[in-house]
Structures are given as C-alpha cells and as structure tokens.
Amino acid sequence: MDRSRPRRSHLMIWIWTIFVAVAIYLPVACGALAGLSKGRYFLFPIRAYSFEWWQKTLDSLEIQRIVQTSILIALIVTVVSLVLGFFGALAFARFDWRGRRLYQKLLLLPIFFPQPVLGLALLLWFNTLGIQPSWHTAIVAHLVWIVPVVTLVIAIQVYGFDPAMEEAAADLGAGRWMILRDVTLPILWPGIWSGALFAFLLSWGNFPLSLYTAGADSTIPKWLYSKMVAGYTPMVPALGTMSTLAAATLLLAGGAIAGFVKARRAR
Amino acid sequence: MTNFNRRDTLKILGAGALAAGAPLGFPGAALAAREKELNILCWEGYNSAQVLDPFREKEGATVKAESLTNDPTMINRLRSGESKVWDLINVNNPWARKIMYPEKLIKPLPKDEFMPYFDKMLEQFHPPYKWAMSDDGSELLGMTQRFGPYSYVVNTDKISRKTAEETGWDLFNDESLAGKYGILESDDWNVFNIFLVAGLDPFKEHSPEEMKAFEDTALKVFKGAKLIGDIATMNQALISGEIDLHMTGGTYSVSPARADGFPEMRAITPLKGPMNGKGGVSWIEVTSTVNNPELSPLAPEFLKYVQDPEVAHTVAFAEGTFNPVAQMGNKACFDLFTKDELDAIQWDSLEEEMARSVEYDIVPDYEKALDLMNNAKRQRS
Amino acid sequence: MNMTWTEQSETARMGAGQSETARAGGGRPGEGADRPALPVLQLVGVSKRFDDFTAVDDISLDIREGEFLTIVGPSGSGKTTLLRMLAGLEQPSEGNITLRGTLINDLPARRRPTCLVFQSLALFPHMTVGRNIEFPLKAKGVSAAERKARALELLRMVRLPEAYYGKNVMTCSGGERQRVALARAFAYDPDVLFFDEPLSALDYKLKKLLEKELKDLHKETGKTFVYITHSLEEAMVMSDRIGVMRAGKLVQVGSPDAIYGQPQNRFVAEFVGEVNVIGVTLSNGAWLSQETAEPVRLVLPQTMAGAERAAVVIRPEYMKFLAAPGDADNVVSGRVYNEYSLGSRIQYQVRAGERVFLIEMSRSQIRPGTGDGEVLIGWNAEDAIVVEA
Amino acid sequence: MSDATLGTSSTVREKQGKERQGRSALRHLSLPAGARCASPILLFMALGFLAPLLTVIGFAFAEPRSFAVFESFTLRNFAEIFNPADTVWMSFAWSLALALLTVAALLLICYPIAYGLVRVFGRWSSLVSIAFVFPLFISENVRLYGWTLFFINHGVLDGLLAGIGLSGPNVLFTPEITLFGMIYTYLPFMLFPMTLGLSMVPGDLIEAARDFGAGRLMIWREIELPLAMPGILIGALLTFVLAAGAVAEAKILGGQSVIMISHDIENAFTYSQNWPRGAALAVLLMIVIGGLSMAVMARLDLDRILGRR
C-alpha cells in the first residue's frame, strides 16, 4: 500500500506534465491551422483549406530577404557570443579571481531585464551615438541579451571541468594552444554546442530587441508582428509555422549531432 | 553626468568600442551603395511584397520598407535622427505641409516632373492640390495616392447602416452598446473620434470645459470598449461576433473583411456631426522625399513607379488594407478594378461619404488631449 | 557514561512513544536477553536484480541481536545493495527479510526501527548541528524542549562539545560531521544501525580513532550494528562477525579470527591479505602443484573429501628459509629477487620458476644464505590451509 | 581532530572557497587570467548594456518632448509622473500585480514538473526538458496569437465545443487572459531554474530523512524546499522581472483591458513623441527591477547553484 502511493503520485506528475506540455503547443498548432485556411480571417471549423498562403510565402522575395537577414543575424550572434561566452565562462567558473562574484552577478543583469525596455534603451544609445539602426545594431542588441545566456550555459559545463587536467597537460609539455585545442575545448564541447544552439535559436525567435534596434531591416518575428498589426494575412501564421519548423529541425539536428558525437566518443 | 554632456565625445567613444565588439560595417561605410538602396517609412500596404517585389526586380535594388500605424511615430523617427536612414515617408494629409516641411524633415519634389501626374488623378486631387503643396503654395511636397473616409465600422447584421449613419457618433454614447464595441488602436485618430463623440470639432483650440467633456467622454468610451487592438484583431472580432462595431475604422480597415466574404461589415460615415455639420473624417496619404543628405536616386523613381496604373491598382489592393487610390481618375487604372474589388472599397458610396467628411488636420491641443486620453485608457480596467 | 545512556535512552523511548511498530514486530526487549542467538534480522534467499544485472544473489543470513556485523567485499560486490534492502530503501526481487519474525520486505524505511548512516553522511547542509540531530525526533513529534535536551545529550555521547548545538554543520570538520551523523542516527533510537562505509573519506589516523570510538559506542549502547566496508582491516578492528561478499554472494561469514585463520576459499584468503596461494590437483592419492617449475608433490594438513582440486594457502610469516631440504614438510627452491621493509618485518620475494613466493620475517631474524643466490624455502603442513580452489 | 583550528563560519567559508578543486596552487597565476577572460565580455557589456542604461537616465532628465539628451537637465518628467492627476501609476500597479500573480501561479504549475524532471522522468527527462525549452525559440507573438485563435468566438475551442452543442467561454480581452498569457509565456523561465534548484537536493538526504521517519510533508518542508530555494528564487525573480516588463500579452490576448507599464513606455516613444517621459518611466521600472534583482542575487551563491557543489 505504501509503495503504491509514490507510484500514484508519479502518475499524477506525468499527467500534469503532459497536460502542460500539450497546452504549450496548443497555440502553435492553432497557428499552423490558420496558415492553412483559405480565408483571411480564422473561423473554426475551417471553411476551406489551401496551401495558397504557404505558396505565397515561399514565393515572396521580401520574405526571402527577411529570412536571409534573420539567418545572418543569428549566425553572427552565435559566433560572437560563443567567443565572448567561452572566455566569459572561464572567468565565471574556471578561474578564481578578485571580483569574480561581482562579475557573475553583473553578467546576469541583462537576462533579468525586460527586453522591450532594453531594446528602447539601446535605441536611445544608438541614436545618441548617431548610429542608424539596422541589422548590424540588431546584432549588438541580441548579443547584449544572448551573451550572458551563452556564458551561463558554457559555465555550467566549465564547473564540471577539473583544472588539474589542464595542469597535467601543461606538465606533460603541452603548450597553451595545444591545451586549449586538445584538452579544454573537447571537454567543454557539449557546453559550447548547446550554447551555440541557444544563441542561434534565441536570436532567431527574438522580437522585442529586433523591433527597436533593427531599423529598416526586418527579421522574421518583426515582420510577423508588423503584419499582424496591419496587413494581416494567413501568411503570418504560415511563416510563423515555417519558422517554428525550421527551429525544431535545427534543434533536432543539433541533438542528433551531439548524440552521434557522444556515441562515437563512447566507442 | 557633467562628464558626459558632450554628445560628440560619446559618439567617438561608443562607435570605436562598438566596432571592436561587433566588427561589422556600419551604415556610414555603405554610403557608396545608395544607388541600389531605398528605404521607405510608410503605412501598411507599401511595404507589401506585391508592391515592392516588382520594383526590386526592375531596379535590382534592395528596398526596405517599415510600416507603422500612426503618423506621429513616423515623424518622430525622422526627428530622432533617422532622416539619414529613410528616403521616402508616407503620412497623412496635414503632416507634410504643416509639420515636416517647416521642420525641414522633407524636401520638395521637382514640380515639372511630378505635377503632371495630378492631372490624371480623381478630380478632387487636381492641381494644385492643397495637401501636396507647401503652405505658400510654391513647392510640391509629395504625391497623393490612397485615401478614404474613416469613422467607425459596424456589422450591419447587428446595427443597420441607416441607424448607424443617422445615430452618428452617439452610438458610442449609447450605454446599451457598452461591451459590444472595440476601439482600433491608433492614438491620434482615437483622439479625433473621442472629440467627435463628445460633440466637439477636434481641429480647433478647445476651452477647459471642452477638454473636460473630452476627458469624461474618453473615460466612458474606453470603459465601455470590449477590446482595443489592431486592424486584424478588429476584423477578426467583428467576424467572430465578439463585437458589433468598432471606433476609428473605415474603408481601409474593413475592406479586407469585405473582400474575404463578409460584406455585412461596413464602414460608416455619419450623416451629421460637429464639424460645420459634417461628422466624417477622411485621410489622404502624401508620400514625400525625406531630407536625407544621401537621398537615394531611387526615391523619385519609386514615386513615379507607383503612379503607373497597374502599380496603383496593386497599391490599392496590397495585402492588409484595400483602399481607393487617386489614380482611379485615370480610366486605364479604374478599369483594372473588378466589381468585387469596388465592392470591397465601398465604391458605391465613396463619393457621398467623402462629401460628408472633413479632411483631417492637426489638432492644436493634441498633446494635452492625448495625455487625458491615455489616463482614461488606463482607468478602463 | 554507559548508565546515563541507558537511562536516557529509555526516557526518550517512552517520551517519544516510539517503537510501536518496532516492538510490534515481535521483539520483547529484556526477554530472552540471555539468548544471543535470536536473530533481529533474518534474510532468506534474498536476491536483488536491476534489469539483467544481479546485484545481490540468493543471500541467507541471520543478524543477531546486539552484534556488530561487518560485510566486506570489493566494490561492486553488492554490499551496498544488501544494506539498502535491510534499511528498506530497496525491495528484494526475491527472498524474504524478516524482523524478529515479521516479514518486512515491503515495509518502507521510515517504518522500520532501523537507521542508515550514509557513506555521504547525508547531513542536512542548511541546518545546524542541533537541528540535524533533532530531525528524527521532530519527525516523531517530540516537543522542542525535549528535542534540545536529547540533542545535547547525544552530542556528549558522541564526544562533541555542547556548544556545537548551534553550529552550522557545513563548517564542521570531517570527523565532527561523522559524529553528528552518528548522533542523529542514535536520536532516531533504532534497534539496528546500518553504516555504509561512513569512514571511507577520512584520513588514516582519524579513521583509526573513529573505528575504536564506534566499537565503544556499540558496547555502550548495546545496539545491533551492521557495517559495510571494503577494508577488511576496518572490519577486523570493530566486528563481532564478518561476512565476505563477492559478486552478489556471501562467500563466508564468521568471526574475524575465523575469517583470517580459516578462509573457506581462495577469494577470502586473498582478500584477507597478502598470501601465497598454490593451486593443487589430486593425482593418484597425492596432491600435486603444477604452478612451480616442475610438478611438486605437497604434503597437506588434511584431505578435502571428494575434491579433485584445491588451493593451498600459506601466510608469508609461516614460510621459512631452509638451511637444508629436510627442515620443512614442503620445500621449494628459488631465487630471492626483491626485499621490502615493512617496518618491524621484512618481506622477501622469491621466484621459483614462474611463481613468486612471499616470505616475511621479523627484523630480528637473520636470513640464512647470502646475496641473491639460490635459496631453499618451505613450510610445514600444519601451517598451511587448504581451501576450495 | 582539527576542532581547535575551526574558526567562525565566515573564515571557514573563505577557506573552503580557496580550496575549491585544489585551485590554490594556481591561484597566483590565474588571478589575472580570470580577469583577462572576463574583460572582453565586460567591455562589451559596458557599451551594450551599461551605456544604454546611462543614456536612458540621461533622457529621463531631458526637457519633455525633446531630444536634448545630456544637454538639458530637468526633473519635470518625474514631476509629471508623480503628479496625482497622471494615472500612470495604475500601469505600474497592474504590471507589478500581474507579475506577482504570474510568479505565484508558476510556482504551483512548475513545481510538479520540475520535481518530475529531477526525480520521476528518468531517461525521459531530457526529452521533456526539450519540449519545454523549445517554445522559447518561437517568437512569443506567434504563440500568443495562437491562443487568440484558440479562444475567440468561432475559434478552435468554440468550434470544437459547437460540435457537441456547447459554446466556448468568453475569456478573451480581459485582465484574466492577460495573466494567463503571461503565465504561458514565462513558464520556461520558472521551470528551468526551479529544476536546477531541485536537482541540488541530494537524493540521499531525502532517503536519510525518510529513514528517520519523516513524512512527505516534513521532507518537503524541511529538506527539499530549503535546499531547492536558490533555484526557486532565481526562477521567481526571473519571471517576476520579465513579467513586469511584459506587454505583448496585454495587447494580443488582453485587448488592452489593462495597460502595462511597458506599453506606456512604448507609447511615450511613439504616439506621444515624448522620449524623455518614456525614459523617465523606464528609469522607474529599472529601479524596481534592478533593486529587486540585486537584493535577491546578493543572497545567492552562483557557484553552488550552477556548479552543484
């Protein structure tokens, strides 16, 4: 009797978790439905289904350009945030130095900051500097938020890293570069990999920062919003769904690669 | 803060360091490429793929368009220093003539090239057309295209067109409709309409008593609104039956719903009102070239491009909102409109509705009214 | 000290209204105190499988009231799993565990009158020493004042100053934490205490000290202790009985002397310490070793009835250097190739063919023969132990 | 035994800090290395985060409706905001109240899931985590609009219920649905720190407590909750802060039935053409949020939380 109780409560936890997870994806599914509706306005059950909006979305030059911009921003953000985040994480978790505690906390502040306000603040700053907002400035804005996230993600890996291994490598005659390449990086690789995924996907999905700082350039979320506010067509949910599918594919591919590498290493 | 009060010092400091942080070319480096680049700040429609894609292909140019849904924001963007970014700005009637030109945010167009286009427009736009010209009438400030009346939109299955037209703005004073109407969010246009609901002419100076009446009306109107939202939300809510009518809509906002098979949704212009007897307001967009030191040579080309009958028709039926265009005065353009399209833009009653409307103008005490309205909006919960 | 403990122990028991379940299990304290053979816990054919891995394999064992039983075995031999089943943290896949005659297979840990001291100690890091010790009392609903009194008493018992009551447990040293964990376990007032290698993380000196203290506490409290460790040395110091585990099986249970002196098989013999083990086979009524350079006929203390194969165990201290082949029952010739100092003794390694024999002598003895040349070594039949191969 | 050498708790903690992973040997060498590694990121943050915040502060003290940052100094923006006739305090109140409710609701919603991730789901844990982290990568506008489509009249819910002769609840365009949207949007921000927190509770402590006869409630209250508290605190802080600055939920789902403070800030920058007022509002929000963040973070040991030791 006593043993059945944990089992029952575990079952309740499973049910609750699945319920919440379904709720999380419910609106995503509704959006996908709306993108397949022939009519501009959504009525359920859908009166007529059509791939017309998907086709239009795929055909649009403008959307091609926006997708390119989004990818470009996300790629650059990924690379820069990995470089900054890698060293930032070493400073966060690997080295003991005066000011580390303060550094750890200051670094987290941008994460603990409402993004619309951060976006506006950056806009004001760029304006004060006389820099015109464009996708370049959007990169800077994304970085302000994403670098701390990536740093944290990598730092968690760094915590599990025994510095004695670096010392051992140095003792065995390895140079600084060789230690980095053959010891430190391979061990931190899972953290770097998930940091890269986070960086790319968070940039890909970010709206509030892009809204204020991308100027005349548009990213997918920004385009979706501006069309939602004025000029709504089912291209909005269609592109939203495509973007979601793209992110999911990337995440799955990322997971698969990580799994593959892990499996190969285990052998 | 005293150390920081020199903007230039900051600029150098910041630009240098940002360049270090994000080693990317900044727009300054891209000056040479402006021949193939055009940036448009506009109302929704001009930023659609149907309008821009052919131009992109034709010119091989990078065209970026950002749409905003209100005039003050766009103009403020220029003021804040973005006049170096944009080439064209598309705002409503009074702004070019009364604000942007005096503030040197836009520059005039060559008259000899652009005046002839006005001849082919609908009669009311024949030259010299007031809102396209500078105050002294000497300069051509922009090109007109889309226009339309806007007051409110009703679901005529719920409230007949006749009732709606005859009742006028008092619809929003009717307590039995509280909770059944929405407000299309557009702060400046909301201000006009609340003046009208209060029985006041928005486009003049107001006495303290009148402002009090405005405030009371604002409180009541916002409290009674079921929702405040954008065009898509309003149409979706009308079609879903969440609301029966909404304030601050017109042909421009309801036409996509009409085109989508909901002809019972209709923009209404009241028969009478407090503006010398008129109750409706109309808008006419004027597109001007920004006073950009590096103005793209494509800016005038684009203005000409949209005058083309085919393109004008596309502009009228760009995604988002469907509108009558001034170029319908040209038969070549008018003939492109199908019956369904004319129905969507309520062509049947367009002329009389325009006749019942005043062209909107600057509200002299806009800022005060806006503050009052925002206060009222917050108290709606 | 002893008296105080017993008295306090009784009051705490009554005050807490504890032991309903424990006693209801059939124990009548006091009664039958003179019958040491009564098992507190009895395991019959207990096995535990995780998926296709058998951690504990068909173990039967009686744990006697008041004894200090130690289970030793190399890591992975299943001793921790066995202990967790006894403590109620795992359920056996097969077999029965009874507590004073009552089946307790499925009785969860918190209903058993037993208590486990974890390898990690599992001290609650966010609580003071005092609150840690009071935890089991709080779980029983003992009043705050009584809890504190009891905690202070237990601090004394484990030889910690009372001032430690309010100390942050994370600031205690390893040995102190050890004592806090013990005090906490005693606060629960269990009939049986289980220990999962609690001393393994401590340095040698501290370990030795605590081993003895633990032994003292066992005597003072009269509780049943079940202790697991991979160190036979630790087991020898403290235990009344030792059980040796290997690959999920209990291979021998006995007193420390028995385990040391009469290992039942080669594994136990080798686990107990450095020994010479020679495999032998029965051939025409004589035992032959194939492991030396050429087969040697050996004289063994007793015959293993029916066995064809066996192992002969000779402890290094029973091996001798021989002046002449007749000086011992069994003689091997070889060559000395290493010499280690073990402090009071010296160990020699003698190579005979492929085999290496270990010989230990006290420093005062002099090794016959000189240099690294040929030597004769040997042992007497009565000094060897024959075990299962 | 080393009892005598033990000093006060603070010196001991310091000592433990130094002993971390036998780092002491390299301490002299690594002291500059850490700072060196941190410097690029610090420089970037100084320019990308600190400088913009200073600019906002600069604007907050500029003449209303001007762009004269760092050129004029006035308190008028703040005076206006604190003028009782100005109802902007209501936006603050709504934002903070809804943020508080969001935190409370998420604590309840996420706890069982976080517990499941740490102790129940086993090898399914990573899959479940991915399922919950993924929505972060979809723009929140799209997801919130999906809820509108779900709840609206003749939407998915209504349409499905109509099939069995019922009609959907009238929930859109209310403060309640705004709250719902915020709970929905910020769920991952509570879930993951909370999971991190719960995973810091060693399993053997729970077992030990159970062994001592502690019931579930006691284990939860005395062991699990206090030990998981740092993670829970981070989650609560993060969701509170993000929800306090939220605006999309009120616009897309709530039909602006309540006006959030970020909406007011945004409006000041757009319709009102009053950047300094917007900046002043932003400064006030920053004070609330920054103050709270600093206060909570000062109590946290990030090494322990993230390094799990």
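By letter and in written order, the chains are A, B, C and D; residue numbering begins at 1 in each of them.
Basically, a residue touches a chain if its C-beta (ideal position, glycine included) is under 8 Å from a C-beta of that chain, and two chains touch if they have at least 3 such contacts.
Heads up on the chains, UniProt names are A, D = ABC transporter permease; B = Spermidine/putrescine ABC transporter substrate-binding protein.
This is a predicted model, so every value here is computed, not measured.
Undergrad: What's the farthest chain from chain D (ABC transporter permease) if centres are computed as the mean of the Cα atoms?
TA: Between chain D (ABC transporter permease) and the rest, the longest centre separation is with C.
Undergrad: Counting contact pairs per chain pair, which pair wins?
TA: Highest contact count among chain pairs: A-D.
Undergrad: On a C-alpha centroid basis, what's the spacing between chain A (ABC transporter permease) and chain B, in Å?
TA: Taking the average C-alpha coordinate of chain A (ABC transporter permease) and of chain B, the gap between them is 36 Å.
Undergrad: Between chain C and chain D (ABC transporter permease), what distance separates the C-alpha centroids? Give it in angstrom.
TA: That gives a centre separation of 52 Å.
Undergrad: Using mean CA coordinates as chain centres, what's the gap between chain B and chain C in Å?
TA: Measuring from centre to centre gives 88 Å for this pair.
Undergrad: Compute the distance, rounded to whole Å, between the mean C-alpha positions of chain A (ABC transporter permease) and chain D (ABC transporter permease).
TA: The computed centroid separation for chain A (ABC transporter permease) versus chain D (ABC transporter permease) comes out at 17 Å.
Undergrad: Among all residues of chain B, which ones touch two or more of the remaining chains?
TA: 7, 10, 14, 18, 21, 80-81, 236, 239-240
Undergrad: Please output the residue numbers of chain D (ABC transporter permease) that touch at least 2 other chains, ranges allowed.
TA: Counting only residues that touch two or more other chains, chain D (ABC transporter permease) contributes 44, 48, 51, 58, 67, 69-70, 152, 154-155, 269, 275.
Undergrad: Hey, what residues on chain A (ABC transporter permease) touch two or more of the other chains?
TA: Within chain A (ABC transporter permease), residues 42-43, 125, 127-128, 140, 143, 228 contact more than one other chain.
Undergrad: Enumerate the contact residues on chain D (ABC transporter permease) facing chain A (ABC transporter permease) in the complex.
TA: Contacts found on chain D (ABC transporter permease): 17-18, 20-23, 25-27, 30-38, 40-42, 44-45, 48-49, 51-53, 55-56, 58-59, 67, 69-70, 109, 112-113, 115-116, 120-121, 128, 130-132, 134-147, 149-150, 152, 154-156, 158-160, 184, 187, 237-238, 241-242, 244-248, 262, 265-266, 269, 275, 278-279, 282, 285-286, 289-290, 293-294, 297-298, 302-303, 306-309.
Undergrad: Note which residues of chain B are touching chain A (ABC transporter permease) in the complex, please.
TA: It is residues 7, 10-11, 14-15, 18, 21-22, 24-27, 39, 41, 43-45, 47-49, 52-53, 56-57, 62, 64-67, 69, 80-82, 84-86, 230-232, 235-236, 239-240, 256-257, 259-262, 318-321 of chain B that touch chain A (ABC transporter permease).
Undergrad: Chain D (ABC transporter permease) touches which residues of chain A (ABC transporter permease) in the complex?
TA: 10, 12-14, 16-17, 20-21, 23-31, 33-34, 42-45, 83-85, 87-88, 90-101, 103-118, 120-122, 124-125, 127-128, 140-141, 143-144, 147-148, 151-152, 155-156, 159-160, 162-164, 167, 201-202, 204-207, 220-221, 224-225, 228, 236-237, 240, 243-244, 247-248, 251, 255
Undergrad: Within the complex, which stretch of chain B touches chain D (ABC transporter permease)?
TA: 1, 4-7, 10, 14, 17-18, 20-21, 68, 70, 72-73, 75-76, 79-81, 182, 185, 187-188, 226-229, 233, 236-237, 239-242, 367, 370-371, 374-375, 377-381
Undergrad: If you look only at chain A (ABC transporter permease), which of its residues touch chain B in the complex?
TA: Touch residues, chain A (ABC transporter permease) against chain B: 39-43, 60-63, 65, 76, 80, 125, 127-134, 136, 139-140, 143, 215-218, 226-233, 235.
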